[in-house]
């Protein structure tokens, strides 16, 4: 596996945000991390992307244990994260955003603007993303388009693992479908994708492995063959609790 | 949206074309709107450029003097004031570009204005300096200087205060960076024979002046004299003395209606009057005479407008005059 | 899709509109309106002499406005920039006149002091995460007190003067404070410095990696950091840039007027911001233009001097200046909104 965690845990002061979570992702596969709000998904991503360091357990890249110093190191090792707020600057153009932090250089430290524009356009096309004008500010793109630019950016910069933090949560049905298509495209290009979401209906079609988190711990890690969509939903929502609730909510006959 | 845009552009252009007949002819003819006084259109124009901030009660009297003289002789007088020597220098440059017939300048910072005045002199524009910078006037090429030596006036004030029994004096400086005010305190220090302490206040915040002076009077009971350098500050200081119940004697530089009233009421001992009205009036007179008759005044020496002292004896008569802004 | 075929979704956006949508062109319209207004009424205003007159304040204001604009694009404010011009000038003149420094050496010392203060501002803002408005307000007040206190302590008066007698004066003056004759009219060298600063700043913004980082850090600081942009270093560099500009302007003034008053520069800090805003900078950061800020400075210079040329009553001066500025900014805003509207 490219990326793997072994019983990883993290506390913030007295709060145990994450405990005993084991998961992994392979090349060319999608691992979905599911869980309701407050399940510990964002803590997990922050550990995977280098923002936080884990307190217990092990974080393995290519089967070698690591402690990432920061997001920059994660990026350098090929772990690209696309956050909910997209790490995009709305007022800046698509091509500027595309190369932000990794600008191509000419002699004398100049920013190679021509190359940047050309590559941005080409890469977006290669992912099947049809952006009208790479000069337009990112803020004028639709939600789905912004996500796709972020994904194309990660793919171009040689990411081996792509971590997506709730990419479809704020999108409508059609747009969500578009994003799922790009996730599949990234997977097909050989990346390992970690897809975090609280919507099992989005996760199921595209996922190969599923990790369900609840209140900071893992309820299990399943392969696609081992679980159905309904079972996933039930697991996530705390099936037993929902049954009980349904009972309470029933009208009196 | 488009229409608003076109409207604004048109308004700008129209205002540009129509603005009071300045378009044709030389800059000497004044525009109809917003001119400083109703002047008959003549060829003579004089620019008064001082270091006084706009709205300052002292410099306002200078402005009135200059404008009255302009009316009297039927010439155009413009007044500009800026405490920043750089900006003042630029205003002089502008006056030279406009080819005025004479420039009146107050030099709080002579070095900074040297170049600009030099340009005016090189362009054969006569320069009269007023108020400050008497020492450099001749060297810079001014035809005369009209004013009151700040240090001499300060000495006069110091003598009067000494005679009134002041041993520890609070000298209230209301404009940081104003060299002339510093010189007044220095002069008073030289003749007082006692201690002089400087207190920094901000003339644009008079309530602050009162509270600062009050605080000083309350904390240091040895202070038995307060010297204000500005009429507004003097009035604020008078309130301080009342508030703190101090027996300190108060004197000030320069007049205003309030100050004269306070002198009459015995609240202020005396005011050092440099008769700044003359610092506006006389230079215009001199420049007009120079233009029409090539006269020079003073024989190389400055023309002194003060110090005059306004005390309880002459306060009554001066009061009436101060109210009309001529003293 | 080849580059030769036009995308049917891209409206045939006229060249004019595409030009107007740039942050600075709105300011150009404002400048043209202001120029037309004054030039139409005052022949001196539009004469070579007059132009030299109003380009002069535009130049020194422009140098500061460009630096402040860069910082604003980066999402921060520097209220101490105005006072720092005074500090730099005071250091220069004091060292050269009272301690016998060569003028060039004194200037270098002034630069070190200015950059140190810029560094201090930058470190405070990035480490404490306090709003830069507050931090630099504090620096502003401290410098104001220092300027006055140290000057008084060293010289006993509120100004230092006599630079003309210091060694190296003539050369330094020619480079920074001198005049160039163009066809019989004298133009200040400061204008050249201003144009140079504007050109460099524009190049940095548009064609360098640092420029990309500046836009990013101002647009969304968190996002920028997440992709590895060195946000802290960028902001510190920006504060040191405004400090450098303050040193340049302070030195130019000191060399020209051979003296510095302790209260120089106070009150100017908001004018720099206004010029930058007229030029298209957003107060919230992430957007703006160095050329626009320069044009804002030109508008200011024209209004400042134009009012004098028209002999408007000095008492009403500030009112007219404020009105001019509001109108110029409005014109700027209207033009940009028109440019961004979709054609129906």
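Per-chain numbering from 1; labels A, B and C assigned in written order.
Note that a residue touches a chain if its C-beta (ideal position, glycine included) is under 8 Å from a C-beta of that chain, and two chains touch if they have at least 3 such contacts.
Being a predicted model, the structure only gives us computed values, none of them experimental.
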So the chain most remote from chain C by C-alpha centre is A
When you average C-alpha coordinates per chain, which one falls nearest the overall C-alpha average? Tell me, please. C
For the pair chain A and chain C, the C-alpha centroid-to-centroid distance in angstrom is 43
Averaging only over C-alpha atoms, locate the centres of chain B and chain C and give their separation in whole Å. 32
The distance between the C-alpha centres of chain A and chain B, rounded to whole Å, is 71
List of chain B residues in touch with chain C within their complex: 1-2, 4-5, 8-9, 12-13, 15-17, 19-20, 22-23, 26-27, 30-31, 34-36, 54-55, 63, 76, 78-81, 83-87, 89-91, 93-94, 96-98, 109, 111-115, 176-179, 182, 200
What part of chain C is in contact with chain A in the complex they form? 1, 7, 9-10, 206-209, 211-213, 215-216, 219-220, 222-229, 282, 286-287
Listed in rising order, the residues of chain A that touch chain C in the complex are 71-72, 75, 81, 83, 85-92, 96, 99-103, 105, 109-111, 113, 125, 130, 132-133
The chain C residues in contact with chain B across the complex are 29, 33-34, 36-44, 47, 49-50, 52-53, 56-57, 148, 157-159, 161-164, 253, 256-259, 261-264, 305, 308-318, 327, 330-331, 334-335, 337-338, 341
